[in-house]
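For reference, chains read A, B, C, D and E in written order, and residue numbers begin at 1 within each chain.
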């Protein structure tokens, strides 16, 4: 076997690793932000205009099924060696995940809550901003976590066309049958993902104080839905 | 994203028009050459952006045409074969002459180096012994039982499967797409997934694995002098001088030695490049 | 169609329906040509079987649903002329599951409408705290989130929230039905107590006739299709159901329940048999202590110690029903009437009670639903909430 | 501790608790030194405030929870000696939301235990169909899935399922509390009807005292900490609460509710004032038609047409409470007693009713909780379900 | 436009429909890698998920390591296995299996764990034993989520199995890599279209399977993602 492991490679390349890490993070996070910015209005529209949701969902799942490499290659003709070549496909993936979560999140607002909000005189935009969106936060963040983690993993595919952060370590390692950069790259990618995930969990913690307040010990009465739907047997 | 990658694009880290963008294909020797060019340019205080390890020539070439890349380490024969599938030139001189005509006006080839890295068809020692193979001609009677591997583009280009058939009448049982003379090709050859493979003459793996590179008696594989290809608008005369300086000093033995340092000794390309440039007095 | 009304008294009609019809896009006619006048400062209950259009009727008032035809006015103004959010902020709304905003603390939930109206946040919060206290929630709950409260507590918050902007009108859609019977009863009592202080105009929807009778100053029994079966005071409803549907809907025990609406203050109390020391006699006598509180019964012809006294009723405050209960629970068959301090005022024998029943309860049935609500004798109907402020006066089984 | 029992009658005690204590790992003592004997073939209701240990007590019977100390026997056998699955297959278990398997059809849900026992599938299914019919579900429901049924229908399936293996014992934990009051009442009535056919030993948990009184042959009122407040027949519970906690828990209206347990068959009916043609007289008289059905009241001293007759009660079947109701709802103050065909048997005046009350209702209170449950006179307590099989006999407000 | 016509022509070319490099063979190869990976992943993740969900043991570990495993870069894994094991099936399957395990594991676990407590209680109360509860109640009730997990994994595998071409194997990735290297964009586009179609077909297949094996009684309950 021509591969071997060299510890010394790691300290020798701290600078490179730092740079790649940052680049990787950048390439993974920008799509998440862009995806969110698109998914929010799109999701809101889909909730309002129910007929739109099915086609949008179909479209996003087609996007989701596109092989990332093919997208990169097609895009490189238009966007060259800019980050866009990676960012656009990843934005599309993020979008596919997030639209669903935004819609689910907005729909997770209990009917009686939105009814009550309307009845208290919340107008359309206010209701969206002050009631629907905050309540949707946990579900949206769940989607963001999935998207972020999978983006961090997907950025590496960009290395096959020369654009990526930590993915370069893989290409380099493969070309030289050198496992040290490959393993370091894998470890750093996973570490980055875990860290990014932790940040999102923290964000959720900050944004949703109500979910972390423990349940009181007082008995909560029987599921009201049962009483509401029973009607006459 | 737009269809050009000019400097006002926030995601394009290239600072401005005066920056030289050095690209390379995705195999270690080419990456190393790119790095050598880059450092040679930097030695002349030219701002350089590296865009190494991109992909096959087929991908890179369009980028230098557009100006996304401005400098590429090229191999003159291969480039000609790419630009003119019917090209017949094989010697360095013929190739360079033919290239001058084919090259688009925006691009310019600088001076070729003496260093050559030719394509070759290699087989294992055992295969060579079994079929008594020494030259490509020897393949003719046995090729129908053999599978050949190489980079995907090897299948369709003249200096590949096509030329093998035309010049030597050699037809393999099957072609398998592998990587550009990289570990996958080497591994496939070693494991017997393919019995013949397209490897480079500078590849240290050939020696390390006792592969036998079959002799190209009919000059199928053209001269492959390492030559800087530049986009005229992207480089000034100082830069051209620097790149020609590299060509002047680089010979085949040196190149093979440098590649070995990177691939076998796992040294970093930038260190290897720097060391050589220093010894060559180019830094 | 001539509006249903409870009679000629010059009450200010704060909400009116005039020939209102609601037909949903799918063709369902939920409310059909409804005319109704809802008086100010009273609790009006809409009751009826499931799907009869109660919720639809209620929600047309604050324009959660717009009528297909007809006019609805609140405070004399056609609701269609008011921008819905503006209208809604003036009308409190309480629904079954509470509809609390899960992401806001209790105090912020209560202050929602003041916040919406752009009131000073600090002031709105301190007002909200006062309201929480008013609905019987400890201040410690203010910083909690809705899910940390029990169903009953959430309902209280819902009521507090509806009161926060001090709206003259409150709409309540089955506000107490999501909680268990014990908690429900507590909430109902609390609610009645609150209303005696606030005198809001309240429209309350329920499908539980007992709740309707217990809570309503006026009860509107609706039939499927949003037609009015009867619109009357609970007392008159029980006394004289206008048709078979209403009678059927009122269910069994209508009679005994009526007694809840008859005050006990007209009873002739027998004081002769209330004694402070025991000697043998041939009638049941009640022994009282120095403070006048019941000590026990002295059985006729027996010189044993006194037998324990059963339940008592408070004269004036309690209804005839409580008096009847007392008579059943005392060994002599007499009801013990006490004053608000628990001092015995006298005994009401069976004859007294049944006499009072006969005297009071058969009047309205002769002339159903045409007389003004305050017209009949006795204090009960002019001051209905007085008879109700006791813990559980109305339905026995609630 | 001496077990609580309802007296000396030689009933077979199918389930016994002996000094049973349950302490949860977190230190909560849910049940403390409980001793109890549950008779065969009867409905025993455990009732008490939330958290008092009812569910824990129930679940120890089928070993869903094992006691910390003490012994529980079913059919004389210590439950700890039986492998839990085996034990549980012999004991039906019904819980609040039904706990139906959502992925199985209704008929397969009902046949779950027979399937588990390895019975013939076809036979199990046809038995299940029969059970569905028995609990009042149309055969068309058999192929549906639980979510396609309303809450009340799901509850019926839950009961059918518990009955499927024909277990001698059924445990029911708040089986009717997840449905609305109207449906709940229907389920309760259905359940009582079923029990008159099946005579299972049933232990039922509820926190609703009205439900306890309505359903239980015996009611065990539990206090927080799993102690027994009182274990008695509903009638005696209402008549003589053993302590302040129990009395408080029983709530207001205890007296009138007691009348539900007194049969109306002992009433002396006055037939003299039942007439077939009207002439003026000085008493209220009831005009009946040729079939003996009430036509209306003739007022004393008036020659106007007859006034409409109010509610009637069925002699024997209805309780004294229904009779009282009838008397309040008729203008003369008399209750109209009819037979099961609606033919008038006679009138019961106030004096009759109150006389009956006095005669019947004060006996038990003198000697609380020592007499056998079947001991008092009258048909109601020896045949309790007879008085209950009418739609709404017990609590007025239910 | 041109590329579309070229891609259509490519599909129309009879040469594409036979031989080693023909569409049928490539699709078959692709399905083979995908199916095998999914099978291996399911054999690992399903029992694990059922166990963790049923017993609640190791849930924290399972869920979190599955979360981290989602971040494993496929290219890195391919590289690592290629360098260590050389080319062949292993470097193709290992990353794909690694890709599929988290989705299957987490959904299976969540499916079982989310089974209504009341329902589990009722099952025990009827005298079911642990295994019976698992296989007669928890598993069937969790089925929609389990199938969702398998479906997600399968789609991911199918669209990622193109990497097999990177290590010299076949499958639809061959078209993408070869087309790229040879600047035959119609081939690349053709390969991409085929792999999207395959992914959608896979999705449809699982929806069909779900229809077939999930009890109609569970359809009402919208599965969580």
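Everything that follows uses one rule, which is that contacts are C-beta pairs under 8 Å (C-beta built on N, C-alpha and C of every residue); 3 or more make two chains touch, one makes a residue touch a chain.
This structure is a prediction, so every number in the text was calculated from the model and none was measured.
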Inset, instruction - With contacts defined as at the top, give the pair, A-C or A-B, that has more of them. - result: A-C
Inset, instruction - Please find which chain has its CA centre nearest to the centre of all protein CA atoms in view. - result: A
Inset, instruction - Determine, using the mean of C-alpha atoms as each chain's centre, which chain is farthest from chain C. - result: B
Legend entry - Chain centre separation (chain A, chain D; CA means) in Å: 57
Legend entry - Separation of mean Cα positions, chain D and chain C [Å, integer]: 28
Legend entry - Whole-Å gap between the CA centroids of chain B and chain E: 38
Inset, instruction - Would you pick out the residues of chain B that each touch at least 2 other chains? - result: 55, 59, 62, 183-184
Legend entry - Touching two or more other chains - residues of chain E: 82-83, 166, 177, 180
Inset, instruction - Could you tell me which residues belong to chain D and also touch two or more other chains? - result: 96-97, 177, 180, 182
Legend entry - Sites on chain D touched by chain C in the complex: 177, 180-182, 207-208, 210, 251-259, 307, 310-311, 321-322, 324-329, 331-333, 350-351, 354, 357-358, 361-362, 365-366, 391-398
Inset, instruction - Would you mind writing out the residues of chain A in touch with chain E in their complex? - result: 1, 3, 61-62, 64-71, 73-74, 100-101, 104, 146, 149-150, 152-157, 159-160, 166-167, 169-171, 173-174, 177-179, 182-183, 185-186, 189-190, 192-194, 197
Legend entry - Parts of chain B lying in touch with chain A, wherever the complex brings them together: 1-5, 9, 11-12, 21, 26-28, 31, 51-55, 59, 62-63, 66, 68-69, 182-184, 205, 208, 262-264, 266, 268
Inset, instruction - Provide the residue numbers of chain A that touch chain B in the complex, in ascending order. - result: 2, 4, 6, 9, 12-13, 30, 73, 75-85, 87-88, 159-162, 168, 171-172, 174-178, 180
Inset, instruction - Using the touch rule from the top, collect the residues of chain E that touch chain D in their complex. - result: 116, 118-119, 121-129, 132, 136-137, 140-141, 143, 214-218, 220-221
